[in-house]
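Structure, as structure tokens:
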């Protein structure tokens, strides 16, 4: 699908991701953690738990509860963000939690809490997808039992062309953005949002393209975990 | 008392109420509810309970506790009201709760909470009195044991004349407003406020006039309950 | 050290305090209380406790917990202060609590709370030190077992001269302010802050001067307590 | 950051009935899988204090929307554009599961998804809401009250907001000697399209539309798609901690348009009847 | 929306004594039913930072009021009127039953009733607080601190606020070349009347005035009436979950004026002594 | 007003080891009493969205600082001065003992002490941050994120803030026909000095520097001193509910300058390497 396309501002092919690097185990005090650099995004995720539930009445007897907070540092945005948590951050925290939860075997940790903290240190387009990749890697790094990793990537429409992974420069003239999170083993899409304007054809194409992006992120997460645990950049080793 | 009077903007007689309609049982999820239209006021009240007390330490061993919230929707006022709860709403919630509480046989429901929620969807003068009538009807509709219904109406002074039931057009040139709530069976006035400027004679006259208004509202509440339970608009049936 | 000095705006000698008066037992509902007038500062401190701990989970099994709030009334400042608690008030509450705590024999009151409330009714320079003197007196007035009283006073630099007890007129042109709290018996400095610009020599001189100020405040606290309990202005009586 | 809160409880008999019905591709209330409940739209219900209003009943779910058009300073980065804000409140009268107080994450999501549906569809031409560039613009407040919650608030709120906007007017103005003067005369809002929201839920492997409250609670995943009259997809939001397959989303996107067109007719009818 | 909070506890011996005294139309502190406690009013107690101040001791209840007169932009709907705001804080030093933190509903009621008493009486001529129409007005802040709470704060706060306002000055100004200049010279506030608050409580079937904290806790109903020097009723507020009969309210309204006149004399004396 | 919160727990074996080591004037991590941990300073780590940035690792403590220089209206009482604000956030990723939410008193103290160190040292010439008196000034926001907390955040935050400010630029401007125009061209911040923070803790009767998290928890008292390159003391803050003697404070003040000078060299090196 890379022929006859309009050139992207970034010079990327329509199905080309920005540069991505993921590093697991970057925060000593956390049970699991990861730093993702995804284009200009710099995002840290840390996982604490399974741990005691506070306040007590939130405890569930047959499974863990998941807490998740997506938070932007004031210096992470073009114009300084005010330190108070915004409605946008509350909504994104919710959709990220719901994207990750199906991957976590919550029944293995009854009466506990698993806390996922995501910090946007530098933001670019697609920060929620980048955050999900970091958080998924951090969950695995924390040794939490998981059905699958959760890979996330957005597709969108810029200058009338459906493209993968819209960055914030493209976003200014972009016509649509469709972030997706995928559990590749089960084929389940656990995050799905759309803002913009897509025809049925474009909608299907964006979905398809988003999937290929998720597949790439899935591999990058596995590489990051392999690198930490087996010092193996190719991520091919079996557990 | 309808002779030799200055004409009201609304064309009403000094002792004439605005149009009032009360309908019980309008919210399916509530244990009891009512919609009152009182002039331009459109107000819904819903009652939940007797129910478990949260948080637990607020539970009282020998009676129910009453919670009450008077809340205005942003679109209910001339200029859009900001969504946060205002100090005015907190005060009115308190005086309404204290107006209703003497009618509720709280000892019949130890260790429980009875919650009264009042939503101002469209406001006019006298919204707190209208709200009390709706809430009283909703309490009865919820089957809460009551000593009496609580009827409420304001009297006031406009253009030097003591009149019943000041609306918001009159309020702009009004000189006094005196909202009253009454338990007709016991003769107890359980809401009583005054803002403005009244001589002793006017004070007494306003009290008297307010009482006649309450008596009318008392009948309207009973009609609404009869209509719901006996499909009888005249409200004459015995229980 | 009072020779060859630049004249202070107030006419005070470099090592001279403003007028100070302390009165114990001024608030009937409190377990202990004091009013200090320190220059233009008018500050009340009240102590409640040892009392039940709320919320329960804050209770400590082998000692009391100390709560402390430093709060300014809106009318206490040059420009009206907004009623919400400020970050400055939160920080000062913390350093005052930490200044007082070493004097309290917390082990004598396991599973309880001791609450210290400080109200700035009129502010002047040095309000945190004045507040500590009031709170220390109030603790003693409440009969709380203490290792020592806590005396507090600031030194500073104005017009290049190290002086005791900077008031708010001097503060406008002042170059440094160093508030100190002292447990005279143990020689422990439990509050120590500095803002400004001091050479090593000035630093040492300010420390020294601050100590002499604390010694004076120590005596004034004892006088106030004596006056209340023994009606003896000289404070010489033994307990 | 609440992870667990007071959630709707569906009793086990209802649960089993819902599931056994779905196994036969029908619903406890006898609807087919893709059927909407009865939709009633009434306008001008708050005519004394709003620029436009609508009440929507979707089955037993009921919401009221009111529009207030005021004037405001433009945002510095869009000096020639007016402002539209949509805010939904789940009132405590609407359900025993709603506590009064600041909005929880579900309510914030509801507000933001409703807001995006209007915003991303370009329903309102914000450039036409400019009174004087850099100085004064119209500010359109869409407030929606949830009166009774029996599920699928995303659609009910969207329909009420859209209808109220279609019914809404705003004051005309003149500029004389550089001075803005607002007039008593009214004009309609600059409307460019009519977005329609449709919502799907997944229980087991069945996809249903317009879930009621019990179905919504049992669903593992929910998705709302908003389409416009040109058949364009303008907004989407998946919710709940489960997922859809790619095939399911593709199929949903087809149905969304068809149902959206049907509902758009109902909205236009209500507006016509109200006008 | 708190329904139950930490409430004053009156022990059963005190309760019984209060009731048996009332049966003989006397009070535990030997007052008659309609007697006020000793009222001390002192002015200029915060003279270094305020435009006016007063301390009121009503029995063991003690409150301090301070006035700050600043300048502000007028509200858009009253461009030629200044602003007056009255705010009471029940400080945690005043009682073991007060928690620090944002004001609870009792404190909000206390603030709002005090504010209305001043506002509705027209005590301050807000038109005279205008500096330049539509641009600049005086803003008068009345802040009252409750230092010790032994009941009847409604009256104590009102007396302190009123006295402090009567003592208060504000800076003069000039306008030259359309530019406002605030001067150091002072002028008194534009005072038009002296409202006086009186408070009644009902225990059993007895009506008493100026309830102390124990009496207030035991009362089923409380009512505050504010009258001005022309004998007009300008503000009222009933509190507590009980009620009064019409006859009681009529009787109360008569006594309110008499007592109000007596207290007005004391306030004027304090102001005269302080001037 | 929290008195007790979720506090770091130091197990008894670690406690005993720390104490027995200190008895021999050494530390569990083999440092001497006055040794700092390894200090790494890296710059330009957030170059895409900030005017300046720095990452500091002090042992296992890690903080990131980012500077944003925007424009704002000046405060009325300082019409010819720009604004500098320093704010530290202890992120929940940094420790299991940090809860998300509004800052607690420890975080507020950390922010305010960091802010005062920069402010009182006169590091930034706020007069040079004036664009047009009374109308427009630069507003310098220093935000610092605590990424991993292993103690001595006061120093780590101060070093990151100082380094980021030294690295920071801001847009130039011109004024034509009384109209301010911000240019794309950059200029450095008006820096006048380089304050350096040093922190001491007291465990038993031993004074140590740069306490790690376990040491900090065990310490009865902590004190931070900030000195500038002229050897002046510009800021200090004692923390924790214990105290120092006068002799200890005098000794600490001497060491603070020496260590400050050493660390200032490292900061300047990092800035030079980053430039």
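As written, the chains take the letters A, B, C, D, E and F, and residue 1 is the first residue of each chain.
In this text, a residue touches a chain if its C-beta (ideal position, glycine included) is under 8 Å from a C-beta of that chain, and two chains touch if they have at least 3 such contacts.
Worth saying up front: this structure is predicted, and the values here are computed from it rather than measured.
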Chains in simultaneous contact with chain C and chain E | none
Moving only to chains each one touches, count the minimum steps from chain B until you reach chain E.
-> 1
Where are there more C-beta contacts: B-D or A-D?
-> A-D
Could you find the chain whose CA centre sits the greatest distance from that of chain C?
-> D
Distance from the mean Cα position of chain F to that of chain A, given in whole angstrom = 32
Note: chain C sits from chain A at a C-alpha centroid distance in Å of 52
CA centroid of chain C to CA centroid of chain D, Å | 58
Just how far, in Å, is the C-alpha centre of chain F from the one of chain C?
-> 27
Contacts with two or more other chains, residues of chain E listed in rising order | 1, 100
In chain B, residues with contacts to at least two other chains | 69
Starting at chain B, then chain D, how do the chains run round the ring?
-> B, D, A, F, C, E
Partner chain F, residues of chain C touching it in the complex | 58, 60, 65-69, 87-88, 90-91, 93-95, 97-98, 101-102, 113, 178, 183, 186-200, 203-204, 207-208, 211
Of all residues in chain E, those that touch chain C in their complex | 45-46, 48-50, 53, 60, 62, 64, 66-68, 70, 87, 89, 91-96, 100, 141, 143, 145, 147-150
Going by the contact rule at the top, pick out the chain A residues touching chain F in the complex.
-> 27-30, 33, 40, 42, 44-46, 48, 51, 69, 71, 73-80, 83, 115, 117, 119, 121-124
Note which residues of chain F are touching chain C in the complex, please.
-> 1-4, 105-106, 108-109, 111-112, 116, 120, 122, 221, 223, 225, 228, 231-246, 249-250, 253-254, 257
